[in-house]
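Here it is, the structure, as structure tokens.
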Amino acid sequence: MDLTVYLAGQIHDDWRETVKTKAREKNLALTIVGPQTNHERSDNVGEDIIGKQPASVHKDDAASSINNFRTQVLLQKSDIVIALFGEKYKQWNTAMDASTAITMNKPTIIIRPESLVHPLKELSNKADVTVETVDQALEVLQYIYE
Amino acid sequence: MDLTVYLAGQIHDDWRETVKTKAREKNLALTIVGPQTNHERSDNVGEDIIGKQPASVHKDDAASSINNFRTQVLLQKSDIVIALFGEKYKQWNTAMDASTAITMNKPTIIIRPESLVHPLKELSNKADVTVETVDQALEVLQYIYE
Amino acid sequence: MDLTVYLAGQIHDDWRETVKTKAREKNLALTIVGPQTNHERSDNVGEDIIGKQPASVHKDDAASSINNFRTQVLLQKSDIVIALFGEKYKQWNTAMDASTAITMNKPTIIIRPESLVHPLKELSNKADVTVETVDQALEVLQYIYE
Amino acid sequence: MDLTVYLAGQIHDDWRETVKTKAREKNLALTIVGPQTNHERSDNVGEDIIGKQPASVHKDDAASSINNFRTQVLLQKSDIVIALFGEKYKQWNTAMDASTAITMNKPTIIIRPESLVHPLKELSNKADVTVETVDQALEVLQYIYE
Amino acid sequence: MDLTVYLAGQIHDDWRETVKTKAREKNLALTIVGPQTNHERSDNVGEDIIGKQPASVHKDDAASSINNFRTQVLLQKSDIVIALFGEKYKQWNTAMDASTAITMNKPTIIIRPESLVHPLKELSNKADVTVETVDQALEVLQYIYE
Amino acid sequence: MDLTVYLAGQIHDDWRETVKTKAREKNLALTIVGPQTNHERSDNVGEDIIGKQPASVHKDDAASSINNFRTQVLLQKSDIVIALFGEKYKQWNTAMDASTAITMNKPTIIIRPESLVHPLKELSNKADVTVETVDQALEVLQYIYE
Amino acid sequence: MDLTVYLAGQIHDDWRETVKTKAREKNLALTIVGPQTNHERSDNVGEDIIGKQPASVHKDDAASSINNFRTQVLLQKSDIVIALFGEKYKQWNTAMDASTAITMNKPTIIIRPESLVHPLKELSNKADVTVETVDQALEVLQYIYE
Amino acid sequence: MDLTVYLAGQIHDDWRETVKTKAREKNLALTIVGPQTNHERSDNVGEDIIGKQPASVHKDDAASSINNFRTQVLLQKSDIVIALFGEKYKQWNTAMDASTAITMNKPTIIIRPESLVHPLKELSNKADVTVETVDQALEVLQYIYE
């Protein structure tokens, strides 16, 4: 059974490559998708495509419309969502994507460090599964195929 | 990831061919579908299939039922909708298809010239992305695959 | 049985008052709602509330977000939608509201003059009922209570 | 027309009272609901009801299940959601509630200071309306009744 | 608890009055709605409102659009649907209304004489409850209030 | 684009074979499915599988549960439904399947002889397209691929 | 804010009266509904209404169709579901009602003794809140109104 | 037509292998999925992945979240659900899965011994088909392909 997995969350390390590599090693039939991970491209895509905007608020709005479009297309194609929170940044997009996925009834795994247990407690409680590491999330995926 | 794209909108130039050609050039895995672009066939299809009608209102109703059937089948199979508005004609079908797609949660791009910013402002605000040219819409599609 | 009716469509004459008056005369238990009918207020509401925007495209986007918010709140509360098309203007919001309502399974009546039969044929075919005058639409509403 | 409004967001000042007072002054027919605003009670409600837990992660899980239950009941009864972001704290529950509401098709207003334009750009783009102050949000609510 | 009940089915005797009278006698808090029971009015309503049509197929289409509009409004407001089949006529509208209601998850009771057990077996199996008499259907309604 | 078509309706001639043959001749990429067309098997399937029942009403209920299961599986897999009414029999299953399909938003074509225009007027009005012959229905399917 | 609460679960003691009394004492604006609690009536209602059946399997099927009808009507009207498991009996209806409610997105509380933690672990994990006593469930309801 | 079938229910004999073998013998194009059938692994999976928990209630909660995640992923991919009840154990997960599937409109077959007719009567009445043996369930599946 082929499953498509959307990897929401921070883009400041290469955890998505880790997921892909380990999924291959475990022979899981997964298609991995996710957001634009080039931060600069993600911030500039509105102006890149639509052209120079008069102020940063409009530049941001142009970029976010295209980022949201991409996310919506890929979330709708996904069977599973994994959302990873790191210790830095506000990560509101991670919270937004996880919450959207849960409300769309997409089975959702949250990965968060122990230090974030308290501030993420409500979101974690709404998700199907919460773990602390990428490896644990992969074990959960592998469990589907056992 | 294969995506199906419905191209709603005006049928008075060959913009759909442009989309297909450029999608191929960019190696995007897209299946492109859309309405009947032969205007005369679209107007006559009711009488072509069901037979002569007593008045133009009934000819129109017969044709529109078959056009709507086609659109509904193809919209439901689509992952993405692009709706292009030109400067001429009322284009109510374009507005109808875009609005239907948005309400069905289909990620939707509107293409409209600068001259139509004001009359299309509410529809544009409801769409996921609004651009001015076919090339920009293709860049948005390409962004999904980056 | 109380029913709420959203009156979509042109705001250039007082047809909504006609509906209200005649509904009262017929003793129909209707709550009538609709869009902002002060055209200037509708165009300016974004700047009125959020403040001066750098260009008309941003002024339009600000206004349309608030107009769409209003429409969405009232459409969701409505049991019935009536959309009136006149002979002037592009009226894309009317097409958008009618199409949104139909896709939301709101029972929908379209009112359009005979001159618009052809360009509105697909939307008219998707609506539940199409009539030519406000009086006819009221007779349809009255028929629910017979 | 009576409307129920859920006020998501920070609980560190009395902005909900401001909304209630001003809505009354404007004679808006609103029922205002929201989360538990006593922070300590919100953190302890799991142990308050279910009893002492073995560790803070379980205390948090118990509390969050009851907080989520409350939010879900009230969100489902609401016609409109307003989510306010302040400048402090992670506010992931605010992002979660706003995103849940948007995905449930609840018309949603985000209030956020100018300093948060960039990190909230995607969520803001998905919301129906974004403003900077409570007063502006109230003007948007008032606009429904004009 | 007030419940609204739509009475679908044949219009050739006064069974709806029987339901209303007995519901009152049993003190059940029911609002009873249903189709137009004046057969002639139901057949003519299209021409009555929209005007003379060129042929009977168009007269029928005009009438049916208004009958369907009425049914859709009332079905959506109903908590329960009762569909009564008699021994005469094709009664396709009864089958259509029952089937629509079941697919909309409206709790549905079918009343049919023993002679129709076989031809109605699939529809009967899909309904929540099947009985043979109006009195039995009323006992089922009464059971909700026990 | 591959499409799956469910052929609801009477099982007393070989019209389904005609559809299959002509679809092949027209090179339409259709998968054709439908109900059990062996009438005796359809009536007996409950007792065939579950065993002898005490009375015909229970035999019918057992059979119908399995027929409904089959129909539900296949309808959910279908992109299009065609329902054919003939001049004989009550054909309540045809009305039920067409009405179920329409309520599930499956694009639906009704085929019925001119003699049935009046009794089928409401169902016909709810369907996307109504034609009189199998050939016309095939032309409508072909139109999707033009 | 008035809320309707469906009390699913065992009918072998008067826990529903306890809920009603305590809700009144706490001044909670709750309408309490639930299944038929007269066990004999619940088992016999099919034969009571439809008449003598040939075997117990048919008696059970007749009764269950009416019990399910009642539950469906009341569940759809409810804002909250509470399901209580006791230590005796199989209680499959309790599991069924809780699971139906959760899948319908009804906020759901499970009450179960400590002895049932293990066999109910998956259902408990899917519910919004799990507690051990009726008093705790009432505290959760009260929390909505704080 | 390929169909995916989820086999819910007891894991104490090898009935799933029987289904797979017989489906292959009958040449049915089925993909068979189901829960973790290693009871110990199912009970321990939470601690296996997330680590030692402070008490059995937390061990159970951790395991159940991962079991529910697996079930949700596979149920959503399934076209058909078969739920088998045996004579031993409480089998609340079987009731939960069957009830979830029915509420999700997944065509569902229940297999239960005659001894369980009475306690399962409501769930059985809600399912599409109820049979007594695995062989009968396979005959129902085979009937789809006749």
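Every chain is named by a letter (A, B, C, D, E, F, G and H) in the order it is written, and numbering of its residues begins at 1.
Going forward, contacts are C-beta pairs under 8 Å (C-beta built on N, C-alpha and C of every residue); 3 or more make two chains touch, one makes a residue touch a chain.
Predicted model, so just to flag it, every value in this text is computed and none were measured.
Asks: Once you count every C-beta pair in contact for both, which comes out on top, A-C or A-D?
Replies: A-D
Asks: Which one of D-G, A-C or A-D makes the same contacts as E-G, at least in over half of the residue pairs?
Replies: D-G
Asks: Need the CA-centroid distance for the pair chain A / chain B, whole Å please.
Replies: Centres of chain A and chain B (C-alpha means) sit 31 Å apart.
Asks: Where the centres are mean C-alpha positions, what is the separation of chain C from chain F, in Å?
Replies: A distance of 38 Å separates the two centres.
Asks: CA centre of chain F versus CA centre of chain G: separation in Å?
Replies: 39
Asks: If a residue has to touch 2 or more other chains to count, which residues of chain F qualify?
Replies: 61, 65, 68
Asks: Once bound in the complex, which stretches of chain H touch chain F?
Replies: 1, 3, 79-80, 105, 107, 109, 128-132, 136, 139-140, 143-144, 146
Asks: In the complex formed with chain H, which residues of chain F make contact?
Replies: 4, 31, 33, 36, 38, 41, 45, 48-50, 65-66, 68-70, 72-74, 76-77
Asks: Provide the residue numbers of chain B that touch chain C in the complex, in ascending order.
Replies: 56-57, 60-61, 63-65, 67-68, 71, 89-93, 95-100, 102-104, 117-126
Asks: Considering only the defined contacts, which chain A positions touch chain C in the complex?
Replies: 54-55, 58, 61
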